[in-house]
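What follows is a pair of complexes built around subunit A, which joins subunit B in one and subunit C in the other.
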Partner chain A sequence: MAIALAVSPTRMELLKLKQRVGLAQKGHDLLKEKMDALVIEFFEVVRRIQEARMKAFDQLSVAHRALSMGFAVVGTLETKQASKETKRELQVEISTRHIMGIAVPAVEVGEVERNALVRGYGLHMTSSVLDEASREFERALKLLIELAELEASAFAIVRELEKTKRRVNALEYILIPRLREALKFIMMRLDEMERENFTRLKRIKAMMEKRE
Partner chain B sequence: MSADRLIKFELSKLNVHLPERRLSLKEALSSAKPQVMSRDGSVHTFKREELEFLAGLLPEADRDKLQVPILIALEPKLGRGTARISGEAEVKVVSQVLEKELTAVELLIYRPEVAILRRKLPTTTQYLFLW
Partner chain C sequence: MSYRIAVVGDQDTVTGLALAGATYAHIHTTNEETLAKLNEFFDSEEIGVLLITHRVAEELGYDFRRMVRTKRLLPLVLRIPDKTGYVPKVDELREIIRRTVGAEIMIKKEGS
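On to the complex of A and B.
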């Protein structure tokens, strides 16, 4: 139940309140449009996340299969040793792009797949099977970076959506009903005052007629 | 009155993502890095494949008439979820993308169509909030 605002019942206040209701209604309608647009954007990002996740998971399972082959051919200890020797560097450029004013991360990644010579592990102790596994994991890494970018976008959109929804609800369920209530109160009070005046005048007229 | 100020502030923020100046498709295609500066100071970059896709939908002579990003105008008075596309070349392109019949200089599209349009042209379309 909306609580009426404390207002004085004057015509000036009535005009002011009408303007405020108009502004609040306009704000509410536009924020609702923004919310709808954000929902469209969110579902599009979610659709892309599902695709990216499927691709990444498929690639990871391929990579794990290749790694199992690596363990079998090269040996567990040698593979672990090779993994410790591998260079763990990746050039990633993180900037922001804007979707309806929301800053979402844009990750630009250079070439993730590396040549066996630059990976860092010694080639004389390993096998081409391990190179194959490394290549598959590098491919998976690229897909995971894309997935991370999309998920961060989804979180940013959801945060904005939540904020917008809170504002829309505040306008819809608190501010606008309160203003309308106050508007109704002033209108009723002014009508009442008009009726009182009318009655008073009629009484005065009757008294004057009686005196004459 | 702080609520009113807050509403005004929210309304003033609605269109800050729009570019200060739009580019014609011809300009965007000839640019090495097709991008526009937004009102909030951020840079909005167009994907080249999208620009090329748009160029494929228009005859060569119309490429300087099409302004990118194409604005999807959301106006509450049109009804919730209804958007307006203005401009001759813009309407032509959007009609083809949505496989709709070509109408006059203005085209009204609805929420599912807005979603399709945004999916097909994510960087070359933007929302515009009108009141």
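On to the complex of A and C.
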């Protein structure tokens, strides 16, 4: 049972309350619509994440296998050395996009895959197995970056969804019932006052008739 | 704006992703060291994407989760499986869905 607001039982107050209930109801409906839209958006993103995740993680395990080959053929130290020598200047463009007022990151990955000559490690100490491993990791990295974008948007949407849900519930289960309770209280009170008045008049009338 | 990539993880993951062009890398040995390095990465204006293996993320536990929660919009943090393909049983995203929507939701692949 909602606790009634402390209100004075007057007609002015009644009118004001009615207005507030109307407003709260309208806000509630709007928020609910927003929530529905967010849920649809969210599930779309989640579906895409699952596809992207599977693809990226598969590619990553392929890359790891290729790297193990690199370790075996070229040697652990040489491979590590190559990973230090290689040009590590991959850049991604990140800006923000807005989905229904939520800022989500938008990532643009350029070409990640490079030519063996551009990579920058010495070719005479390494072998084509290492080139292979690098290529697989480059592919994996591209997929992983795309996945990171999707996951970040999912988290942003979910945070907003939680906030919206809280607001909807606060309106639906607390504010609106309280206002209605107060409304009911005022109406009852006004009716009661009217009845009191009515009997009072009756009684006065009876008294006046007796006196005559 | 263009940003760079950072990797935190075991030797193999870091080596591989460094070969692929990730600019910043840290090989996890002790929690203190890794956390200090992560702090540096999170403060950096240059890093746009941070990749960390699930195993390391789990080992860091609460400290890491708090870092992720309090970070700015960037860097984007993605947890990845390591060489053994280790992924925790409790999927974080699924956990969040369960909490917000209040029901376990299975998403089927299209056509199945």
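Here is the rule we use: the second predicted complex is superposed on the first by the 211 of 212 C-alpha atoms of A that agree within 3 Å, B and C clash if a C-alpha of one lies under 4 Å from a C-alpha of the other, contacts with A are read in each partner's own complex, and residues count from 1 in each chain.
In the analysis below, contacts are C-beta pairs under 8 Å (C-beta built on N, C-alpha and C of every residue); 3 or more make two chains touch, one makes a residue touch a chain.
Computed from a predicted model, the values in this text were never measured in an experiment.
S.K.: Both complexes share subunit A, so when I overlay them there, do subunit B and subunit C fit or clash?
M.R.: They fit side by side.
S.K.: Quick one: is A:Phe43 in contact with subunit B, with subunit C, with both, or with neither? Answer first, second, both or neither.
M.R.: Touch partners of A:Phe43: subunit B and subunit C.
S.K.: Just to be sure I read the superposition right, which of the two partners does A:Val92 touch: subunit B = first, subunit C = second, or both, or neither?
M.R.: After superposing on A, A:Val92 lies in contact with subunit C but is clear of subunit B.
S.K.: In the overlay, work out which of subunit B or subunit C sits against more residues of subunit A.
M.R.: Of subunit B and subunit C, the partner in contact with more residues of subunit A is C.
S.K.: Between subunit B (first) and subunit C (second), which, if any, makes contact with A:Asp191: first, second, both or neither?
M.R.: A:Asp191: touches no partner chain.
S.K.: Taking the superposition on A as described, I'd like to know which of subunit B and subunit C A:Glu111 touches: first, second, both or neither.
M.R.: neither
S.K.: Output check: A:Leu141 vs subunit B and subunit C. Expected answer is one of first, second, both, neither. What do you get?
M.R.: second
S.K.: For A:Lys34 in the superposed arrangement: first (subunit B), second (subunit C), both or neither?
M.R.: First partner only.
S.K.: Please give the nearest C-alpha separation between subunit B and subunit C in the three-chain superposition, to the whole Å.
M.R.: 12
S.K.: Under the contact rule defined above, give the subunit A residues that sit at the interface with subunit B and also at the interface with subunit C.
M.R.: Comparing the two interfaces on subunit A, one with subunit B and one with subunit C, the shared residues are 43, 96, 103.
S.K.: Sort out for me which residues of subunit A touch subunit B in the complex.
M.R.: 20, 23-24, 26-27, 29-34, 36-37, 40-41, 43-44, 96-101, 103, 167, 171, 175
S.K.: For a test of understanding, state which residues of subunit C touch subunit A in their complex under the given definition.
M.R.: 1-5, 11-23, 25, 48-49, 51, 73-74, 76-78, 80-81, 83, 85, 87, 93, 96-97, 100-101, 105, 107, 109
S.K.: Under the touch definition given earlier, write down the residues of subunit B that touch subunit A in their complex.
M.R.: Per the stated touch rule, the residues are 3-4, 7-8, 10-11, 13-14, 16-17, 38, 40, 42, 44-45, 74, 76, 80-81, 111, 114-115, 118-119, 122, 126-127, 129, 131.
S.K.: Subunit C touches which residues of subunit A in the complex?
M.R.: 39, 43, 46-47, 49-51, 56-57, 60-61, 63-64, 67-68, 79-80, 82-84, 86-96, 103, 105, 107, 112, 114, 119, 130, 133-134, 137-138, 140-141, 144-145, 147-149, 151-152, 154-155, 158, 161-162, 165
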